[in-house]
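Okay, so here's the structure we're looking at.
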């Protein structure tokens, strides 16, 4: 049982972050990698909200707005790139997208 | 919120997150992401940040994950196709999981912060008016920047996707 | 100040650089070539002017013609401070003379893309004048690098055999040397605590607050290694023969004749007066390295060379050994000898490289085994080459003799054993010098030469080639016959330093 | 929040303080409007307009250099207007101007949509300028993300090229990963700083000054340290410092050349602006120098060595310049390390950056002219014989590369020299040895490039030799710009004048 | 008088400069100028010598710290004697050259070289300190090189000149070290001051005189550096007469006499034995020579050995004891005997060389004595004068060589019996090979067409012969110096030892005996055949002597070709392979290898790149956790 305290929330956030990181490391589907990146961002927002709540400050909560917006923009651009790439290469597998190397 | 509920939601969130990572199928992965986000929104609620929970669902679940799903369907990929993909040695995966896990454990053991007394701290996040004040006074500049950010993101997506007259296009 | 309405040192530096800039900006070829004469003559005239008026100048801390120009970094203690003392004066003059000769030789060479060739040479010339006229250590280094760059391009574009590799190797070696010395100079600047690169100020400051012994040792070691690469101290020398073997003549003349002296000059002007304890500490290892490595080993290697330019390159490396020996000896006599040696070596080796190219034009080979009997066809060339050879092996009457002699005399008190080894080098240099002269010019012509002379009848040295050669030879003889003209200012500049060293 | 507080907060938003940034935003919007309104045949004016706008803004900015806001904080402490920030703003304007000039050439050759490119460049530039003045993690994050997302688009801008898209994707994934780290670091710092149980806790944990005050009270807090290193990781990605440099060659190679230049100069400089604000003298992390300094030092050394060694065997010039840029980041990092103890290091870094800008754009300008229609032909072999065919470009290239290599009398040398002096003054003599080794190694590839351009001649029928690259003739504006860059490289090497005094004595 | 001395030095230098700069193509004018200069020198030197004024003067030439090098002149009786010798012989040779070199295309260079030589040689004579002496020492080496190499197209000339210079340099290696040591020990190298210091009882390490002696070994071609002198005969014959017989090679002896104050007993013993060995060795070699000039060259070597031995012999009784401390005094008699023999030798050997030049000129540059013969009739004047020279050298009484040789034999007799025996033996051999030469060249019938058409040369060729012949006769008599020169060389001549009483008889009889023994044996033994009688009749002896003669050359050739050259090649190989190859290129390759490795790290796979970030994160984490610290 994890107590619903600051450290508890923080642990969940860190765990979420870690899971996202592992996903980026091991997944080869670009889309899934992307999802994992989003997980990392969400983990940050979770920690942010938790800190705001437990520290009694407002800036963290406001910051979440910005993070969400940025994430949306990022995803939009990223998906556009992925689509364009897929149209040229017919794949979104990371290990096949390695024409640029060495 | 009760500890039990917190634990349930937290567990749910994490399991869903793990689902994103381990699911072979991208559609399933995005659905797991959705579930995980819902869980996080639940945690937000637990933290009395109702607006943020709502926004999270709206923006993430409503827009982003939908977009993901849409693209996944559009591109119609079958997840990680096994045979060609297994070029990253399993050892590397183990290493990755091990290192990240070690980091997590190390954080849990060393990164313990003093616990504030929740009852004495006001739940500012629950107050909608404060968001408005902050966004339109203190953080007006970032808001403006974000406006431009969204603009260029939009233009970028257009540039990357639209057919341009007179310019050669994607073959 | 001088009698002139302008600063002769600045003019000597700026004139070639300005002309180079003008050429770069598109001066037509005809004018480029015509003005190049002036571009090389102006530094020479300024140098001779300063030489003539040096003793009559009012001097500050031994420096005459002092002027100071701000370049924007005064706050860091960096400014373009020009001036000459008894040590830099001879080298400044030598740079003027060799530059003039190299310039004339380049103009007559009719090299491909002559304009650019002259432009690069002018940059070198300007940089060289700057090296010896700078009182500010930063600009001293700066001008050296400025003069160094054209070398890479000139070797790479106009070079001979293996020019690509040679240019690359030279570049990397010299950059490494320059970087090490830069680190040393920065360290000196910071460690001294004087927050100035002005040599006069530094000397004054360190005279009252000398650096700790260990700092001096370390700094001197770093400077010696860095400068050692630039001066081709054994075993850091392998770039030199290769590079000179490939370098076009005028570039080789300026590089080996003048630019290479930078490191020695730095050790003398900076290392010895500012880091006396370091100099004393490293004197013996340095001397042994120089005498065994540069003088004996490289001397033997020189004997084994069959390629004329390679041989000249190695011989140049060998002679640098003597210079290090003089620095190791460290007395006024030894160091003064090194300055004389630097001047003399600069003139004689430039002359040799010049003549080697002229020989090549007539033999179409650098392989000495293929040459022979050229003296009958080209007596003037032979005579000049022989004179240059004898100058470089230290025949009295030429300037080189004074350098070697004074170094030997100074060295005996330092270590008789090292002196004996060093003097043995004199025999070695006689062996390879005379052997080369004999192979090229004397005896019956070889088959190769018979074939070549049948195809291209060799003409004797043209006046355009003769004049630069004669300028150099005249300078060698002048110093050879009247060493006081240089030794007096050197003596004046060194004696107080020696007194300080003796007092320690 | 009381009404007074709201009022005070609103009044703190002094928009005139960021007039240049607003100008850029307006010009960016104007460009979009013009695209719609102008007839097709006049569309070619838009790039010129963008460049002119940037130049005008730069000149206006320089004229009003000592405006009232310098030395103050505005926007409730979100921005701080320091001399360093002023310099960086001018720097980014200049960089963007040259990017626009390159973009004019490259886009015309590669037939890509134009207006959007310049629009994004302008917005990104404004973001960089704000980043350089940010005094708060929110501004930092938002500006940084605007910059980054703009660059994602720009990198992938050449959407008919697989390479460009792939580079875009790689940049995006790696960028998002680093953004995630950076963000998490910010969050941790914010959270720790606000913890009421800790001494010196503050509600304004994202404000640099407040954070510094907090860190000074808790220099050894593990979570705070974790936050610091995660932020550093994010910044290290931007500047391409080891081990966050691995994306550099791929992305540089794939991106359109003007964008590569923007990445190499603008993005990197932005990273250093952030780093200076965080780790420099009086920066947010200054109290934790015990942690940041060894990290930055280790990073610097590894970066210098890796960048130079990896560039050594590179044949693709864009990858090469990318890796060389990595090594430059290493040198600059050394300066950042020194900056805390030696005030002149900041000036040195700025001079270095300026010299790097000038030299880089000279080189990128030549690369743009030499690139084929598909931004191909970027191998060293393609430079063979350049000196004979195109002495002007070859000269500019040589000057640029020489300056990058740090050879006197070029500006790059002065930059290195000033940094080295500062580093030595700060007592990091040993790292100078590594730096010196790095310089020596770098000579090899820089001169290899010069060698290709000057010493080698084009071998037409050599086995499988690529077709002779189609070299774009140098236009008047480009010629002028490249000439100015080359001359500036030389002049700044000789004579730093008032700029030098200003930087040194600032 | 100082002006005269400066003029004597300056004239030939000016002459050389003028010829070198302006008269390269005008051989006739050059010859005239050079000869006029020589004449002027001769006159001036006589004036100087007879004027009786002896002086020293110097000016600073170079000063660095406490080191001062002076350009100075020391003119004493010793210098005066040497000056007159050089002046007289120089003039003779110049005049002779006018005729001898008349048809040479490179006359200008030749006469320019002669002028440089005169300058350098006179410089040695006048030098007042060892550095100056060394400077001129090198310069005579250079002019010798120049003149030996006169016939540019001959490989042998090129080799010989190189050999001469390098052999001299080897000697100078020691000489220079000796000078430097001397300076380090005494703080001066001024000859007068050194003599004062030595008289004042300064202790002198034996190394100093021995190292200084090395210079003489090189210049005067003593064992083991004698090899260059026979080869130096590749030069024009007048040059051989002037440089390689009369003056330059004698400079070694002169130098020893100049520094005799520094001599210590041990050093003198070494010098004595070196001289004796050289004398004997060279005499043995001379027997099997067939080239007229080489015979004379070996004879010169032998005579130089005599002089060196004489100088060394002066040592034997020179250690005195002032109380308990040993003290070395001036070596008076050695100087006298050596200088005396130097003088007479200069006359008669120059005479014989010029005579041989006349012969060679007459025989159209034939030098093999077995292709000559019967020249007595064709060239009577040459025959007569050459005969005088031969008689002088073999020690015929009443001729110059007799007196000087007796002085040396007397010293040897008094001081060292083995040396006496060996020198006497040398005298036998000298008589033997000189008479052999004389007989084969001048008697019998011509053995070749060239010899058959031989003829006497013009006045320029014969006049010097006559003058030198006269000098070879009168040069041995004390009155010649006392009366003709008014005792100008008294300081030197007073030191010539004279045997008295029974010693006198012993020496006289010995010298007569050895002369007769050698001369008559040669007369009887040699037939005027086209081949060497010794080779025909005593093949073994001939072979042995030839082998002896060649032994040094062989050894040196072996050293140069097999040792020095191979060692040089080896070092060169090591440099190219080890230093430039393995180390330098290896370093470059290692860096390049890392470069390739670093390049390979860029796999292009984003997952892999993410691992770098992980690596970075872990490292940073470790920093934050304090696991990594950089002190």
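Think of it as A, B, C, D and E in the order they're written, each chain with its own count starting at 1.
Please note the rule applied: a residue touches a chain if its C-beta (ideal position, glycine included) is under 8 Å from a C-beta of that chain, and two chains touch if they have at least 3 such contacts.
Everything numeric here is computed off the predicted structure, so don't read it as measured data.
Chain centres here are means of the Cα atoms, and by that rule the chain farthest away from subunit E is B. Of all chains displayed, C has the C-alpha centre closest to the centre of the whole protein C-alpha set. Each of A-B and A-D has its own count of C-beta contacts, and the greater count is at A-B.
Between subunit D and subunit E, the centres computed from C-alpha atoms are 76 Å apart. Rounded to whole angstrom, the centroid-to-centroid distance between subunit A and subunit C, based on C-alpha atoms, equals 64 Å. Centres computed as Cα averages put subunit C at a distance of 42 Å from subunit D.
Mean C-alpha position of subunit B lies 69 Å from that of subunit C. Among the residues of subunit E, those touching two or more other chains are numbered 599, 602, 604-607, 610-611, 614, 617, 621, 625. Shared contact sites, meaning residues of subunit B that touch two or more other chains, fall at 88, 92, 96, 100, 103, 107, 110-111, 113, 115-116, 121, 130, 134, 138-139, 142, 146, 149, 153, 156, 160, 170-171. Touching two or more other chains at once are residues 6, 10, 20-21, 24-28, 33-34, 50, 54-57, 59, 62, 66, 70, 73-74, 77, 81-82, 84, 88, 95, 97-101 of subunit A. Every pair of chains in contact is given here: A-B, A-D, A-E, B-D, B-E, C-D, C-E, D-E. Residues of subunit D that touch subunit C in their complex: 344, 387, 395, 398, 402, 407-409, 413, 417-418, 420-421, 424-425, 429, 432-433, 436, 439-440, 443-444, 447-448, 450-451, 454-456, 494-501, 504-505.
On the side of subunit E, the complex with subunit D involves touching residues 591-592, 594-596, 598-599, 601-602, 604, 606, 609-610, 612-613, 615-617, 619-621, 623-625, 628-630.
Taken in their complex, subunit A has these residues touching subunit D: 6, 10, 17, 20-21, 24, 30, 33-34, 37, 40-41, 43-44, 47-48, 50-51, 54-57, 59-60, 62-63, 66-67, 70, 73-74, 77-78, 81-82, 84-85, 88-89, 97-101. Listing the residues of subunit B that touch subunit E in their complex gives 88, 92, 96, 99-100, 103, 106, 110. If you check the complex, the residues on subunit C that touch subunit D are 24, 71-76, 138, 141-143, 145-146, 149, 152-153, 156-157, 163-164, 167-168, 171-172, 175-176, 179-180, 182-183, 186-187, 189-190.
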